[in-house]
Amino acid sequence: MSFISYLITGISLGSVYAIIALGYTMVYGIAKMLNFAHGDVIMVGGYVVFVAVSNMGVNPYVALLISMATCTILGVTIERVAYKPLRGTSPLAVLITAIGVSYLLQNLALLIFGADTKAFTSVVNVPNLELFDGQLTISGVTIVTVIACIIIMAVLTLFVKKTKAGRAMQAVSEDRGAAQLMGINVNGTIALTFAIGSALAAVAGVLLCSAYPSLTPYTGSMPGIKAFVAAVFGGIGSIPGAMIGGILLGIIENLSKAYISSQLSDAIVFGVLIIVLLVRPTGILGKNIQEKV
Amino acid sequence: MALLEVKNLGISFGGLRAVNAFDIQIEKGQLYGLIGPNGAGKTTVFNLLTGVYKPDEGSVVLDGVNITGKKTIDINKAGIARTFQNIRLFKDMTVLDNVKVGLHNNHTYGVVTGIFRLPKYFKVEKEMDEKAMELLKVFELDQYADVLAANLPYGKQRELEIARALATEPKLLLLDEPAAGMNPNETKDLMNTIRFVRDKFDMTILLIEHDMKLVSGICEKLTVLNFGEVLVQGDTSDVLNDPQVITAYLGE
Amino acid sequence: MKKLKTMNKNTKSNMITYLMVIVAYVIVQIFVVTGNMSSLMEGLLVPVCTYVILAVSLNLTVGILGELSLGHAGFMCVGAFASALFSLGMKDSIENDLLRFIIAIIIAAVSAALAGILVGIPVLRLKGDYLAIVTLAFGEIIKNFINAIYLGVDANGLHFSMKDTMDLGMGADGTVLIKGAQGITGTPKCSTFTIAVILILISLVIINNLVNSRTGRAVMSIRDNRIAAESVGINITKYKLIAFTISASLAGVAGALYAHNLSTLMATPKNFGYNMSIMILVFVVLGGIGNMRGSVIAAILLTLLPELLRGLADYRMLIYAIVLIFMMLFNWSPQFINFRKKMMAKIKKDKKAEKEA
């Protein structure tokens, strides 16, 4: 029974990774850049809810909406100020800038909120589910996280497939130049992608902090990196890939924590990334691209 | 025996047959042109010959050695060097160093010799400098030796690419649209240079070109490629007067 | 004099760098000998040198090889632990401190180089962002792995475990050498400022000579255009691996310097985590990618300035971050580049007008 319990916690953690990974995978697919600061947007999302609920007594659900709005604005601003001027230049330059943005967010949070850990009160008030006469308990947060992940995935898939803006995203990701020639607003589409990714980051931040109720300026960075691993695992640019990758990664991490060593669980997660990239560099659902000579 | 003998070369990308049943024979010292409409598969042929792509079928024999399906670096060592349609120089290196990279495999010393500057380092570096300057002089590039390749004028960049390719001491030189983007005067100079290179280095040259003046001016033989297949092959004047070729270029 | 004139431009520039390091060393020594240096500053001397070596060695990977490595601290970690373990174990066998330390440094260099080869073989097949994230992953793996190691020695020889001290099952005479997350305690403090500066000079000479050799040109040709490099017969994998390994090995040397400056060596996220790797990257970027002298200056200034201006210490990382972003925009953004060109043209024009007037 304990195995199932570990598995479920793993799926819950994996669902959070999946939601974060969506932000990575969409931005990577469309803007062709690794937004290193994505993980720190999660942290910002967490702090916004924390301040709204604990200091200002706002209703948790309203706080979530405020947090999503803040992160959306933040994400779009970052894109406009730091990334857009570098579009089309060296990928190395863009990545270093993204690292700079990540540092900036962390250290701003450090100055504003201090380094001490904030006790985050869960915004989820769904009761725990007890199964098999109390042998197996599934927490409310877990249930909400998994459901949220499935809903987000479904809505996003529909959005990309069925709406005009979504199809524009597909076009830009396929060939930016051609999309531009066909009259698609490339800059707008990329900004929209950042907006969606950042709003999702806020959701992920709140769910993460609800499950692991401690908040510091560095809260987002490690889950952010792991979510990128998940995105690569599932195949970068693929929405279902992000979900599969995220959940698998969450399960691997939690099971290795339980059965191998909590010290080495991160090492195992990163080991998985390395093996995936070597065996199948495009990930589980990724597409193969050949360089033109 | 011919220097380059290619038989029945073919490759598909996905469902598309990019090159099919491609044959060519180039004698030593020949100046050979490969022409054809856009998208006919000319650059793909170059990529097949230099190992950038592995052919699905067929064989490539250079100077009696079968090099089919070998890696690019091994093919270069076997004696094929090339230039690129979209110039590919080492932009942040000097003009001299660009050529010295070309000399890499024929003038060697080890990593340790380089780091500790053992006597051999100075000896070989001197050799390389002399050899590289000699090559640069051929293209009147010696005055730019210390300039970064990225800062060269366009026409000079194309010539530096040829100099770099020659530095590897190839048996066969492949030029991919050497005159692209040049004005008529520059093209004329280029024609002279290509002829000069052939004579001075006793080089065999296969070139892709759209500029018919250049092709008819310097090539002795031509192969016309259309839809990945050989349309006509033979002496330049015969090929250019062939009605099939005119149709392929101008349409029905 | 004549020889100096004919000297290659690069060689001249390298000589200036070496001279700069030596002059800085002499000045600092004068301050130390005359007692004009605060103990705080004196304590910073070896760490600053460590950062300098880390920065120049990372610049070999980032600037010369053109690949972004985010796991440099991992190689430093390997060097630190390998050398500290050696020094601790040989404390009684090799009495001469200097000799022991030199061997320890060599061990650090070799072990980090091996780690470099091991990591490099899979990693260097990848490109760009993927390579960056995988080097980050490897750096974290190395750190986590070392945190889980328990190693002890008794009359029966070495004991190894990944669990805890008890699991080592040692006799009563046994001593624990590596104690998991608590690391290594009792490393002799052999690092001195003089040795550190000598190591900086050696690192600089190795890297500069490498860059100006056949090997260095091959490496840079891959950076500038991989396909063209292949077409002139450059073995891509080989030269990437050589550059990466040398870079890792020098990071290991920095690790030895770091380890022998502390009595307790622990692998924490702060010293060997990716945050450290990124900080070194900041030095490299701010000093100028591919510019070794810049890396030296940036590492010194960015370590010392916040310490000197105490009030700034809290804002240090924030300022780094802002400068980093601004530098990238300033150097790479087409708009900024155009703006710069326009300004330059205007200045020139003004000067010309002045002259004519």
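Labels A, B and C are assigned to the chains in the order they are written; within every chain, residues are numbered from 1.
Just so we're on the same page, a residue touches a chain if its C-beta (ideal position, glycine included) is under 8 Å from a C-beta of that chain, and two chains touch if they have at least 3 such contacts.
Every value quoted in this text rests on a predicted model; they were computed, and no experiment measured them.
In terms of Cα centroid distance from the overall Cα mean, chain C ranks first. Chain pair with the highest count of contacting C-beta pairs: A-C. Most remote chain with respect to subunit C, judged by CA-atom centres, is B. Inter-chain centre distance (subunit A to subunit C, centres taken as mean C-alpha positions): 32 Å.
Rounded to whole angstrom, the centroid-to-centroid distance between subunit A and subunit B, based on C-alpha atoms, equals 48 Å. The mean-CA centres of subunit B and subunit C are about 41 angstrom from one another, to the nearest whole unit. Those residues of subunit C in touch with two or more other chains are numbered 227. For subunit A, the set of residues that touch two or more other chains comprises 293. Shared contact sites, meaning residues of subunit B that touch two or more other chains, fall at 52, 84. Considering their complex, residues 9, 206, 209-210, 213-218, 220-221, 223-225, 227-236, 242, 290 of subunit C touch subunit B.
Against subunit C, the residues of subunit B that register as touching in their complex are 50, 52, 72-73, 76-77, 81-82, 84, 88-93, 97, 100-102, 104-105, 107-109, 111, 113-117, 121, 124-125, 128, 146, 164-165, 167-168. Contact residues of subunit A toward subunit C in the complex are 28, 33-34, 82, 85-86, 88-93, 95-97, 99-101, 103-104, 106-108, 110-111, 225, 228-229, 232, 261, 263-264, 266-267, 270-271, 273-274, 277-278, 281, 291, 293. On the subunit C side of its complex with subunit A, the touching residues are 62, 66, 68, 122-123, 125-126, 128-130, 132-134, 136-138, 140-141, 144-145, 147-148, 162, 180-181, 227, 274, 278, 281, 285, 314-315, 317-318, 320-322, 324-325, 328-329, 331-336.
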